[in-house]
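Mind looking over this structure? Questions follow.
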């Protein structure tokens, strides 16, 4: 079993030495270490993972010890993730299947250390896909009038199922503030443009109208401001004058699903740190 | 010798047959043909190049004949370019050398069918580069007060030298309306972002602030609205959280010079058609 | 309804004019035209598609008429495809699901004009995926001793089901000569390297051992020589010294499925011409 | 002033703690730290750079102290580079100017901490470029008969000028064993293909003949076996059936110059570690 420590704090000399000493002296074996110093903000960021099979500190006390010995000293913001804990992920979807299939195909192949106990939608259209994979599918139709109460019901469902994070697989509804507050930096969205270009609805039509020669897709954490949350992953594909809006939509589908799945994978692997509306994504 | 015909017109059946018949029957030999129908706007676009060494119609009458026989019939907007005519290109530059060197290195190697009779700048800094390549370098310092009269002087210089088109090789001044009007779709700019993201000044800082994972560069024709002209070419490069604004600027330099030179090459080869603020770029 | 004409022949003046005249005069309406002249081999290639709803020549006689009037004159190799005919595709798979899921997800979403009546495998492992999509799954275990007779049985199955073309979705068996002969340029394989680098087994290990900085995937038609058939599509992804062979395999999976699906799409759209062990792939 | 420490050794616990302690306790300030553990070979690799303005150990004794205190303990292979030392680089070139111009343009702009005291060629063709930049140009024509003695003379020239490393900017001669031995992992070549595909002469023609859809360029250190040395950097560009061998050569030029210059930059920044014929390239 391993534990992964994600942390950031003001940069000061001695942090790496202290932490690696802590692990080594207690018979832990480091299997991953990546750090990054943001010299603009003077922030030290680190992801370190070590084997705890022979660690002298019991698993349930590691957080206490580390917090007491180092987190206070360095004013750290830190999190511990144990490899025997499977995060629980909910998928939100509307009417398009490509991202949903891509996520579920990886899940079905056992590529990810994750549980997917449920799928939520504002439309019944994707129920057959959920059924194929044997995952419960809940429909919450959204209108102007019922949006607030439907989100309340959805939040309850998520809590009952101990959902850790949410993936919006082309879910075409704006997420309300209460849900964002309940899942801070834990809702991953795919936007079908190269952000910050073409924020909002119909980005492929907007890209066509502007005559760009490359289109993109962006996965990001959802924040209160639309399409403005911390970016996790982006990719692009070349287009030409021959591509009409429907061609852009088709070419974009492959981007969307790959860019979204990459973000989900990084999130599951605890390789993303967020601060100041930006991400550090460790490789 | 060859002639290149660039045209666009409302799409109707028979255009390709008519034009290729016209060439074949008059003993021309087609060496390049590319066409594209914009079904959204119903516009037919074509670039066709043929060898005129044995063409029955004399070189100087081709335009007349073609105009009379076909352009009227199909309501065509067309241009002819003869391969023995070398376009004359002016480079505008400010203080950075990377785009300038890339353009002049290609010119010096004879890669392009073009003349570069002069370089214009608002600063003296790049004179040594112009000197290395033996090209006259004219300095027009720009202030708020003298902008209009300096542009008048520059326009005069361009006319005296029969300049056909202008390349802004990181020229950090907004081009005035009179110069844009004098060179419509004939001023090529390189903007150091992935347009329409990060219009205006300091795009690398803006990209850093937004936390994007990919940066880009865009070459486009200059129009009255800043950074909003028809896009010719774009490219991108991946960055990470490790890249500070100065790293973005460094990585971006290679993009900028390649993306600008590609646009210049397409322009010189007469492979760009412009309409509705968009380009058709033939391969 | 439309018909698509794919042809190649020795290049001569007048071909385009003749063909577009033929269509226009008989009240066809061209919706797609792309041509390419290979000046090295002097071969003219064309894909032209036109609406035949009001075409004066009856659908079943178009081939006769075109063959008599033009194919002989120009020594053409041509094929006609009518849009109301759905090609029938068989998938071959072994033990990995990522390409299979990607193909079936697109099929299930109705993205392709194709029928998939069956899936063939040398292992039972992927039966659950076939079941999810309701497609019959046939297992033909292959050993050194039974390879010939199993391929005979497979060929029979394919014929009984009127299979038009075969997609090898990471099928880890070398295809025998008789099957290749029965499906010339109709078996699409995905090889998990950037061909011609790393032909044969274990390309990711070989890429790791060589220390390359980019890995790739290649879709191609299967010919008698292993991994040497006409290339349809290739793509690459950057790797670094941090990537171990298993990381290459993981990163490669996304490439493989996208590159294979692109090739299948081009094949279904009749946009691929093959000659001299190379492809012309129209956009 | 900073010092950069590049090292590799068998992986053992405590290395990072020891080294960062060593620096911190002696009043050094770490400005860069990247490490990588090759778990396949069990090799620990590190690049660490620290400010030595207030370092307690005098500059000229750092190597001694570090070697005595840590290198023996961990069986390290290490190198120290001080930022006030400018490496001296020789360029070898034949008849093509694109890589040469790209290197010299960066040099002229002051982008690199390097001296270029001389350019060597087997042809006089590029003398005018060397003259433009004011760099001595030495011609050593090579024939079958004089190759050995010319290389002897070249080696002498390099030694007289205290050349630290060599950049082959499309130098079309195979480097002899003695020169390779004199500059181990210090001769950077650009090969105009995606290695290991298309080793040897005429890779663009070979790529055309094979019908690949992407071409590449590879920078690598020169070893005794042709085009088989440790790869530093690779990049690719898409091509299509429309591209003839000369088009590949043209498109490849931009790749070559960028990929070569990136490798040179990484080398100058001491960010490359070589072992087992592979590179670790720190970002």
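First chain written, first letter: the chains are A, B, C and D, and each begins at residue 1.
Note that contacts are C-beta pairs under 8 Å (C-beta built on N, C-alpha and C of every residue); 3 or more make two chains touch, one makes a residue touch a chain.
In this text, all values refer to a predicted model and were calculated from it rather than measured experimentally.
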Farthest chain relative to subunit C (centres taken as mean CA coordinates): D
Starting from the mean Cα coordinates of subunit A and subunit D, work out the distance between those two points in Å. 38
Subunit A and subunit B: spacing of chain centres that average the CA atoms, whole Å: 42
Of all the residues in subunit D, which ones touch at least 2 other chains? 240, 242
Chain contact graph, described as a line, ring, star, complete graph or other shape: complete
Considering the complex alone, what residue numbers of subunit A touch subunit D? 13-14, 16-17, 20-21, 24, 29-30, 33, 35, 37, 238
Listed in rising order, the residues of subunit D that touch subunit B in the complex are 97-98, 101-102, 105-106, 108-109, 111, 129, 132-133, 240, 242, 250, 254, 258, 261, 283
In the complex, subunit D touches subunit C at residues 36, 38-40, 194-198, 210-214, 216, 230-236, 240-242, 244-245, 277-281
